[in-house]
Amino acid sequence: MNASNSPPTLAPPVAPGPLEWLRKNLFSNWFNAVLTLASLVFLYFTLVTILRWALFSADWQPVTYSPLLFLVGQYPRAQLWRPGLSLLIGTFLIGMSWGLWERYIKPFAIFFAILLTILAIFPLKTPTITLSIRAVFLASPVLIILGYRIGRLPAVKGKYVITMWLLAAIFITLVLLPGLGNIPALPKIATTSWGGLLITLLLAVGGITLSFPIGVLLALGRRSSLTVVKLFSIFFIETIRGVPLVTVLFMFSIILALFLPAGSRIDRIVRALLAMVFFSSAYTAENVRGGLQAVPPGQAEAAKALGLSNFQITTFIVLPQALRLVIPTIVGQFISLFKDTTLVVIVGINDLLGISNAVLNLKPQFVHLQMEVYLFVAVIFWIFSYFMSYTSRELEKSLGIGKR
Amino acid sequence: MRKILILIVSLLVISLVAVACASQAPSPEKVVETVVVTVEVPAEQAPVQPQGYGTIANRVRERGKVVCGVHTELLGFGYLDENGRNIGFDVDLCRAVAAAMFGDPEAVELVPITAADRGPVLQTGEVDMVSRNMTWTSKRDAEWGNFTWITFYDGQGFLVHSDSGIKTLQDMDGASICVTTGTTTEKNLATTFADAGLSYEAVTFEETSAVYGAYEEGRCDVATSDKSQLAAVSAGFANPKDHVILDITISKEPLTPAVPSGDDQWFDIVKSVMWGLINAEEYGVTSSNIEEMKSSDNANIRTMLGEEGDWGYSVLGLEPDSLAKAVAAVGNYGELYNHYFGPNGIAFTLPRGLNSLWSEGGMIYAPPIK
Amino acid sequence: MTILSNTQASEKIPLWRDERILRIVAQIVSAVVVLAFLFWGVTNFLRITQQRGMPLTYNFLREPAGFPISEGFLTYDPTMSFGRAFLVGLINTLVVSGSGIVLASILGLIIGLARLSSNWLLSRIALAYIEFHRNIPLLVLMFLWYFGVFAKLPSVKESIAMPGPSYLSQRGLYITFPRLTETGSIFLIFSGIGVILAFAAFYILRHIRENTGRETHFGLTSLGLFLLLTIAGWFLSGGEPFWMDKPSMQGFNFQGGFRLSPEFTALLVSLTMYTAAFIAEVVRSGIQAVHRGQVEAARALGLRSPQVMSLIVLPQALRVIIPPLISQYLNLTKNSSLALTIGFQELFAISKITINQAGRAVPVFLMVMLTYLAISLLTSLVLNVYNRKVQFVER
C-alpha cells in the first residue's frame, strides 16, 4: 500500500522473506513477542484439548446412527425422493449461481460439492443410508458443475436465475414437499412430520423472503407523512424490537391458538414462520430506515421536479439507492434470523436442534451424549452462516460501501 | 440495477400476499361465527344427545385422520426410531384409535407438542386427542378437557447414585435434585420436601435429556421423575449398576390420554378403544390369533370382535369390528406393553407391577365390552 | 415563475387529484382502519377470555406458587406467591444481563483491539474467535458451555480446592466471602458517609483552588475525612465489622461462602462470549472510522501507543460505537430469555412455569411482554441520553 505511494526513485519493494515477515508481524517488540508466545500457548492447549476429545473420548454414535434424522426428521422414508429432488434442484441452482456470480458463490458451491461427495462415499455402517440416497448425494456435485457450465453461458442473465430461485422455492415448499391431495404420486405430508435441517432451512428461507418486503414497507411507513401510518409503524417496530423472540414465538404458538375458533388449526410451522417474519421484519425495517436516511434528499426533490409521482420516487429512486447501502446489514440480519430459527425448539418444533434432542432420546445409551450431538449441530450452523457472511463481505467490497 | 428492481417488485408482490395471509389468519368474524355455529346435532342419533355431540368425531371422519398430540423425545412412550417414525406406547394408542376409526393405524397425524402445549391444544381443539405421558389431575380435567382411561399407572420416584448412600427421603436433606420444569413432578417434589421439613437444591431443565445428562455427570445427587422414566433412562447409562431407583413413591401419576371437551361421542370412542385393548388381553385375544378368536366359543369375545351383538358401536358410529382392527393393529394391552417395556422390549425393561391386569394383581381394569 | 403558478392556481384541480385533500382522506382512512382494528382486537380478546374461562384477572398472583426456583437473588420458597416468583425471575434477568453487559463490553473491547493488533497471530486468533461466535446460534453455544464444560468439571467430592479457601466443582464455584456481622452495618454506614463527605470536600476544595489559586490540600483533606470516618466506624462496630463466610462441605453440598452456580455461570459466560464477538466488530469499525491523521498527529506529538489509543482514538470512536452498542446490550438482555434451556430460571422461564402451573396463559404472557418492553425501553432511554451527551461534547 505504502510502496505504491512512495516516490519512484526508491527501489521496488522486495517481498519479505519468512524470517523478515516473522520479525515484522510477530516479534516487532518485546510486548508483541510476549503476545505471540502467549497466543501460541493458548492455541496449543485449545487445539490439543479439542482434538484429543473429538478423536479419542467422544462417542459419535448418535450422529452416525441415523444421519437422515438430522436432514429430514420424521419425513416419511417412502417419500424421500421429494427432499432428494429438492436437493437436486437446489444444487443445480447453486451451480448456476456460481457460474453467474462466481465471486460470491464459488467457495460455497465448491465446499458444498465436496461435502456431498464425501457424504455419498463415507463408509457409514448404518442401514438408514441406502444406495439410492448415496446416489442422490453423488449426483448433486455433478449437477453443481453442470449448473456452473450453464450459468457461464452468456445467454443466462441474473434475473432469470433469481426468478428460477423464487419459482423453485415456491414449488418445493408449496407443492413438492407438502404434496397435493389429488395427485396419487404426491400424497399429502403434514408439516408435523417434517423435521431437521429441512425445517431449519424452510423457516430461514421463508422468514427471509417474507420479512424483507414487510420490513421495507414498515420502514417506508415509519418515514411516511401520514401520522397514523407512521405511529402504527413505530409502535409495531419498537414493540417487537423490545421483546425477545421467544415471547413472540410463544405468542404465535400458544396465545394465538387460544383465540382461534374451536377446532380450527393454523399449521404449527406456519405459526412459527409468522412469528419469525414478524420479529425479523421489525429489525429489517430499522436497517432499511438507516439506508433511507442516507439517501440525499436532493434525489427525491430532483425526481419530483421531473414530475414523478410519490410512488414512483420511492420505488425507482429512493429505495434502490437505500437498499444498496444496507445490503451488508440486511445479510447480517438474515444470518441472525437463520440462527434464531433454533428457538422454535422452545415451542416444540423439531428443527435441526429439536431433532437432535429427539436423537438423544433415540436410545438409552445416547441420553448423556449431548456434547457430541450439539457440536455436530453447531458445525452445520456455522458452515451455513459463515458462507452467508462471506457473501455479504464480498458484496460489501464490490459495492464499495465500506469505503466512502 | 434492473436486477434489483425486478427483485424488489416481485418481493413487494409477495409481501402483499403475505400481509393478506397474515391478516386473514386471526380473522375476527370467523371467531364469532364458528363459536355460534357449533350447535349441530346429527339427525340419525335416536337418543337425544347433548349439544356438541359428534362434532369432533365428525370432523375426524371428514378429515380421515386422527390428529394426535404426542411426545417425540421420551424413550418408550413417545419417541422416534432411526427412520424418523414416531413410535412408543403413547403413540401406539393414537394408532389404535385410528385403526378403530378407519381400519388404518397410519391414518394419524402426529403433532409433536411440548409440556406447556398440552393444555392449550386441548382447550382449543387443535388436536383430536393428546397421548403424551400426561398425568390426570382434577384441575386439568376441569380446565383442559376430558381424560379418557388410565393406560399406565406410574408414580414419582427417585434415582440416586449408588455410592451416595441415600436410602430414604430423610437422607436427601440438602441434596441437589434434577427435575423437569412445568410438570406435576416439580410441584410434588416441593410439597413432599416441605412437608418432611427437608431442604434441597432444585436443578431444573426443560428437556428430559438435559435432566438425566446433568444427573449422570454428577451435577445432581438425585434425579426425580416418573418411575418408568427413571427405569428407562438408568438402563441406558454407561454403568447402570451405579444407579439405584429408591423404593419410595411420592405421588400417583395416572397417565391418561385426553380429548377436548364438548363431544361425548368422541370421548366414548376413545374410551372404548382403550377398554377394547384391555379386554382383549383379559380374553387372550392377540394381534396374531385374532382371526381364530372371531369364531371363539366365548360369546363375549365374539361380541367384542364384532361377530355378534352390538357392543355400542352403532351409536358411536363405528364398525362392528372396530375394536378387532385396533387390536390387530397395535396388539392388546399386554402385547403393547411388552413390545416397549417387556423383557425383550425395544425401549427398556420394566416389570409390569401396577400395570398388570386386575386378575393378576394389578390395576389394569376396564368395563366389559358388551 | 409567477406566471406559471398563476395559471396553475387558476385551473381548478379536481378533488381526487388535489394532494392536500388526498392527504387528509388518507389520514382519516388509515386512522379509521387502525382504530377499527384496535377496537376489534380488544373486544374480541376480552370476549374470548370470558368465553373460554380465561379471566383477565391477576388474583392468582397472590396464590402460592408451589414450584421451586433453583436460584435467585431474592429469598424464595415454594410457599410464596406467583407474584414473588415473577419478581425473583425479573431480578435474575436484570442481574444476569447487567453483569453480562459489563463483562461483554470489556471482553469485546479487548478482542476488538486484538483484531486490530499489529501482531499477526493475535489478530488471527481474534478473527477466529469472532467468526466462531458470530456464526453459531447462541442456544447451541449455551449447550456447549453448560454440558460440555461446566457439567464436566470434577464432582463435588473431588472439588478443586483453591486458595481462599474456595472450591470449584460441578456444583459451582464457592468462594470465601466477607459478610457483615451484627454491628457491621454501623461500619458500613460510617464509611459510606466518609466516601460522600470525601467526594464533596474534594470537589468543593478543588473548585476553590481552581478559582482562587489558594492551596487547599484537597486530596489530603478528603482522604483524611474518609479514613477518619472509616476508622471511627471500625471501632464503633467493636472492631469486627465482617466475618469470613467460608464454604465447607456439609452433607451433599458446600454450605456457606459466596456461590456461583454452574447454570448462572454458563449462561453468563455464553452470553458474554457471544455478545463480545459482536461488540468486538462494533469496536473495530468504530476505531477504523477514526481518521488516520489523528493517530499520526498524536504520534508526532510524542504520545505512546496506549496513550494514543486511550486519549485520542477511543474517545472519538465512541461516537460511532455507542449506537450499535446499545442494540447489542438490548440483544444481550433479550437473549437471556434462553436461559431456561440450561437450567437457570429467569423471567421467561418462571413465567412459562407459571403458565403451566396456574393455567393463566394470557395474563402471564401480557406481563412478560410488558416487562421486557419496559426493560428495553428504559435501557435504551438511559443509553440514548448518554449517547447524546457524548455526541454533543465531541462536536
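The chains carry the letters A, B and C, assigned in the order they are written, with residues numbered from 1 in each.
By definition in this document, contacts are C-beta pairs under 8 Å (C-beta built on N, C-alpha and C of every residue); 3 or more make two chains touch, one makes a residue touch a chain.
All figures in this text were calculated on a predicted structure; none of them were measured in a lab.
Shared contact partners of subunit B and subunit C comprise A.
Distance from each chain's C-alpha mean to the overall C-alpha mean is smallest for A. Looking at A-C and A-B side by side, the one with more C-beta contacts is A-B. Between subunit B and subunit C the centroid-to-centroid distance comes to 42 Å (mean Cα coordinates, whole Å). Subunit A and subunit C have centres, each the mean of its CA atoms, that are 29 Å apart. In whole angstrom, the spacing between the mean C-alpha positions of subunit A and subunit B is 36. Contact with two or more other chains is made by residues 44, 48, 52, 147, 340-341, 352, 355, 361 of subunit C. Residues of subunit A in contact with at least two other chains: 254, 258-259, 346, 370. The set of subunit B residues that touch two or more partner chains comprises 31, 35, 116, 120, 123, 206-207, 210, 213, 217.
Those residues of subunit B that touch subunit A in the complex are listed here as 1-12, 14-16, 18-19, 22, 25-26, 30-31, 33-35, 38, 55-56, 59, 67, 72-75, 79-86, 109-114, 116-117, 120-121, 123-126, 206-210, 212-213, 216-217, 232-233, 235-238, 260, 262, 347-348. Of all residues in subunit C, only 40-41, 44, 48, 51-53, 66-70, 77-79, 147, 151-152, 155-156, 170-171, 250-253, 255, 262-263, 340-343, 345, 349, 352-353, 355-357, 359, 361 touch subunit B in the complex they form. Those residues of subunit A that touch subunit C in the shared complex are 25-26, 28, 32, 35-36, 39-40, 42-43, 225-229, 232, 238-239, 241-247, 250-251, 254-255, 258-259, 335, 339-340, 342-343, 345-346, 353, 370-371, 374-375, 377-378, 381-382, 385-386, 389. Across the interface of their complex, subunit C is touched by residues 28, 31, 35, 115-116, 119-120, 123, 139, 143, 164, 173-176, 179, 181-183, 186-187, 189-191, 194, 200-207, 210, 213-214, 217-219, 221 of subunit B. Interface of subunit C with subunit A (complex): residues 23, 26-27, 30-31, 34, 44-45, 48, 52, 54, 117-122, 125, 131-132, 134-141, 143-144, 147-148, 330, 334-335, 337-338, 340-341, 348, 352, 355, 361-362, 365, 368-369, 372-373, 376-377.
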